[in-house]
């Protein structure tokens, strides 16, 4: 790898030095700068959400509810869930890496609607600020699911501002999805056919479909709930004739597909990292590509598996259970294809690849435990216990965040022009993996034993496992703090990154690091297939 | 072994071992696939590491392989589904002769009402070896009746009855949890289920300070609230004679037919205009807001008792019939 | 392609190859946005469907309080405004600036007429306590009992009536704002036969709002009006 | 069929627009008229068929879908598919709740 920038002029023009001052950032229409804005704001939200998580874990160290009041605890997990889902994980990859890379990967100068892209960041900030202000002015204690009639008639916390914050952030998500879809359809470089698109693009396309089709439904649902709370219009209140279960249907119509908004972009990252560090074309390109679309479409058919004990009909439960099993199949296809890609590869173990290994393993466990929950017989027992908590943290923390971190490391040189310190990165990847398993594996056991979730105090026999979990969370927190520090450090002291440090293929690697404001000096013309590692020179490709 | 090492919940109902076997099967599949993938990944990672294998061989993919790893998981998944569904079917259909106990959830306590008249709070006594059916409703928000040792759980909703049933097989004291988040003291909405030998249970019932049977209480309310002025035990009343109504189909004035289950009786009292019996005028006043959940239960039980000696042929389903008869429209 | 570029280079944003691509992209983006709008209203249509099937009697009672005449007039007004909107786009396509402005103003006026009539209807329901949830009452403004069968669920009908028509009216108001913006832009001569995407896209939006009403009208006013028994 | 990008700027004649407008007005009158007659179970069906006819015309002509790309057409159809998923699958719950009124054991 090149270690100096001697061959590049010091004055090299990049999107980073295309303008200076706060205004040049806050009013930018450059997708790369907006990605950086998102990256910073998302990190802030992750830290706040993680802070709440640590308080949750500390409270659960002892069976008695002694650290914080019951109300405080309820606010902690509600705000943890709301922040992590709506303000961290949903925008995490699509709005940072996706924003940065989609135009580069398809060979465009920008996303289709740069102004809407900036608007989406502002909406995110407005929604996030609303939620945060509401949280610090008394918080909200409905759980991230806002179930009625609790949220509309019974709690006396800031439900309306938080719901509206989520509503506004929802539009930010809609606009991101819209932009990505339109860009993929309309802005591809000459020669970039659908079958030549990187799988990153396919997965983002699928996730964007969900954002565009699902988010509006949760938006209107939250509006109705807010109206109900403000004016008691009775749509979901049984005392006024409404049906609280209808709220759950409408909520999960979005929120189940939303879990695929969170995982598909992560799968997108893995599908780039694995071929690069095995030096191989991905195994079964078409199958991986189509499985993304399959997940997105089938994902809309299974929402009521969150409601098996909520009072839905027996027949509906059967239908939704069956469909939930079907949605697992495309995920299986992906896992097997990534594994098969390694066959006869030439494998190296840089940090992104370590995260990819972590993703594959933990996503598999998380996904397979999803099958327990999709199972009617077992879900009756484990519904709303820590088994569910463990399931989704395996996917969302073990899977999605591993993918996010892997992607950040992988494209960090491209985004900032600096290398991260490899040794530190490997150490923190290890810490995250160990800490993660220690935190969440005991929760599977707790769940099957019957410890209900959202419990401020619990029965004494659950303590040992809870202590393990809290210990793990501390390790995990350290593991997450490392990247924060060494990424910041690398901005100043990291090695200057070459244009293509990993000898990866893909248009984003063919422009300089960091890319110039217009991405490519000349519109690229694509004449090769995706993941063409066979014809990839082992040395750095010349700058376009 | 499980007693010393609290890593597994007690098995105290007929369904529990069945759920556990299914659970172990799922665990086996999970362990198998996780290890398979972990093993293959590690194996490739070692065997094809860059130092050993500097030049990757390009392989496009293979349709037979793709089919294999689509169809095998699909087949396994279908086994899981059918197995789970069969257990769910048992769990969803309470046996006809199950004994009935009413439960009311409210923020943040459980109130139980035995048909014989005994009332309990946060503690539930049940006999071993009998089918027990809980008929539950909530006074405020959604709660959830969860007994891990029985492997059963059901949401308790405001505005309607939901049902869960179990068959205790082992005497002892077990946790009762509220599993649906319901506000501040959600984690305090816990209690105990005490499973007793049948004769002990009988002794407990008779010593339990019952103020007359539940249907007896209901009969008093029926007089007190003036129901009896319209509903008489002959055909002269302004309202239908309620004898023998429960559990039977009722013809409504818009031509639909509904079965008179607990939810129907409840709705008839609280919102009489929603389903008007054929041949009658919608003159019955609503009792919404005048009756507590407990009083409602008593009235429902009384109407049930009018249906004859075996009111337990109750046609309530696990997933209750909401005020909804779209199918009949 | 490149001839366009010379004519209207100022309207071509830097990241597009040519006007053709820019226009295609804008229209496609608008359609994707309309998808989200369909799903947005879809949530309420779902609630409507479920409750209508569950509480049919209340839907009969509720819809009999609707003024079909006003509803029909409003439908006509909105369809007419769709025509004028389509004509505005047509005028843009053929580059007739004055006609664009004329038709846009007509559309705006018709939109306001619609909102006005809607306000009259709202006022009437308000006076008669035909309101959602706890504001609902079975008595009309003279205190006469309307003989409703199932009061709690009839209030549900009005909850959905106000939610759906209210959300529709909100979209109309946004649409009116967009029209004003277009009128100003057209007045400044921003649009010509090569560049009229904004007119076209606001047009799409306006027609979409019209389509929502095309469904709301029968669902809320008509289909339960004659009790089917 | 005209589905290529060149024909995107298809200009519809004002005459056609007026024709469409008249058709829509007639349909409106028809549906109001139909509402005065009791067709029983067919009431909603008739009203919705008419509404769909109107909506389709608006989409095809006022919104130029007849002249736009195949892609846009697919987008609209698939959205309707997802809308029906929302309505249909929610219905499976509510419609089948009454089915198991009698336990079989």
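The first chain written gets the first letter, and so on, giving A, B, C and D; residue counts start at 1 in each chain.
Everything below uses one rule, namely that a residue touches a chain if its C-beta (ideal position, glycine included) is under 8 Å from a C-beta of that chain, and two chains touch if they have at least 3 such contacts.
For clarity, every value in this text was computed on a predicted model and none was experimentally measured.
A.B. asks: Can you identify the chain nearest the overall CA centroid, using each chain's own CA centroid?
C.D. replies: Here the chain at the core of the arrangement is A.
A.B. asks: Looking only at C-beta pairs that count as contacts, which pair of chains has more of them, C-D or B-C?
C.D. replies: Of the two interfaces, C-D and B-C, more C-beta pairs touch across C-D.
A.B. asks: Need the CA-centroid distance for the pair chain C / chain D, whole Å please.
C.D. replies: The answer is 16 Å.
A.B. asks: Calculate how many whole Å lie between the centre of chain B and the centre of chain D, each centre taken as the average of the chain's C-alpha atoms.
C.D. replies: 41
A.B. asks: Let me have the rounded angstrom distance from the C-alpha centre of chain B over to the C-alpha centre of chain C, please.
C.D. replies: 44
A.B. asks: Taking each chain's centre as the mean of its CA atoms, how far is chain A from chain C in angstrom?
C.D. replies: 35
A.B. asks: Would you please write down the residue numbers of chain B that are in contact with two or more other chains?
C.D. replies: Touching at least two other chains: 92, 317, 319-320, 322, 324-326.
A.B. asks: Would you please write down the residue numbers of chain D that are in contact with two or more other chains?
C.D. replies: 71, 79, 82, 86, 90, 94-97, 99-100
A.B. asks: What positions in chain A touch 2 or more of the other chains?
C.D. replies: 185, 213, 217, 239, 243, 245-246, 249, 253, 312-314 - these are the residues of chain A that touch more than one other chain.
A.B. asks: Show which residues of chain C lie in contact with chain A when the two form their complex.
C.D. replies: It comes out as residues 13-15, 17, 21, 24-25, 28-29, 32-33, 35-44, 46-47, 50-51, 54-55, 132-135, 152-153, 155-156, 159-160, 162-163, 167.
A.B. asks: Per the contact definition, I'd like the list of chain D residues that touch chain A in the complex.
C.D. replies: Residue list for chain D touching chain A: 71, 79, 82, 85-86, 89-90, 92-97, 99-100.
A.B. asks: Name, in rising order, each residue of chain B that touches chain A in their complex.
C.D. replies: 6-9, 18-19, 22-23, 26, 29-30, 33-34, 37-38, 40-41, 44-45, 48-50, 53-62, 65-66, 69-70, 73-74, 77-78, 80-81, 83-89, 91-92, 107, 140-142, 144, 146, 148-149, 151-155, 157-160, 162, 175, 177-188, 190, 317-320, 322
A.B. asks: Per the contact definition, I'd like the list of chain A residues that touch chain D in the complex.
C.D. replies: 185, 213, 217, 245-246, 249, 253, 300-301, 303-304, 312-316, 319-320
A.B. asks: Where on chain A is chain C touching in the complex?
C.D. replies: So the residues of chain A touching chain C come out as 108-110, 112-114, 116, 174, 178-179, 181-182, 185-187, 212-217, 219-221, 223-224, 227-228, 231-235, 237, 239-243, 246, 249-250, 253, 518, 523.
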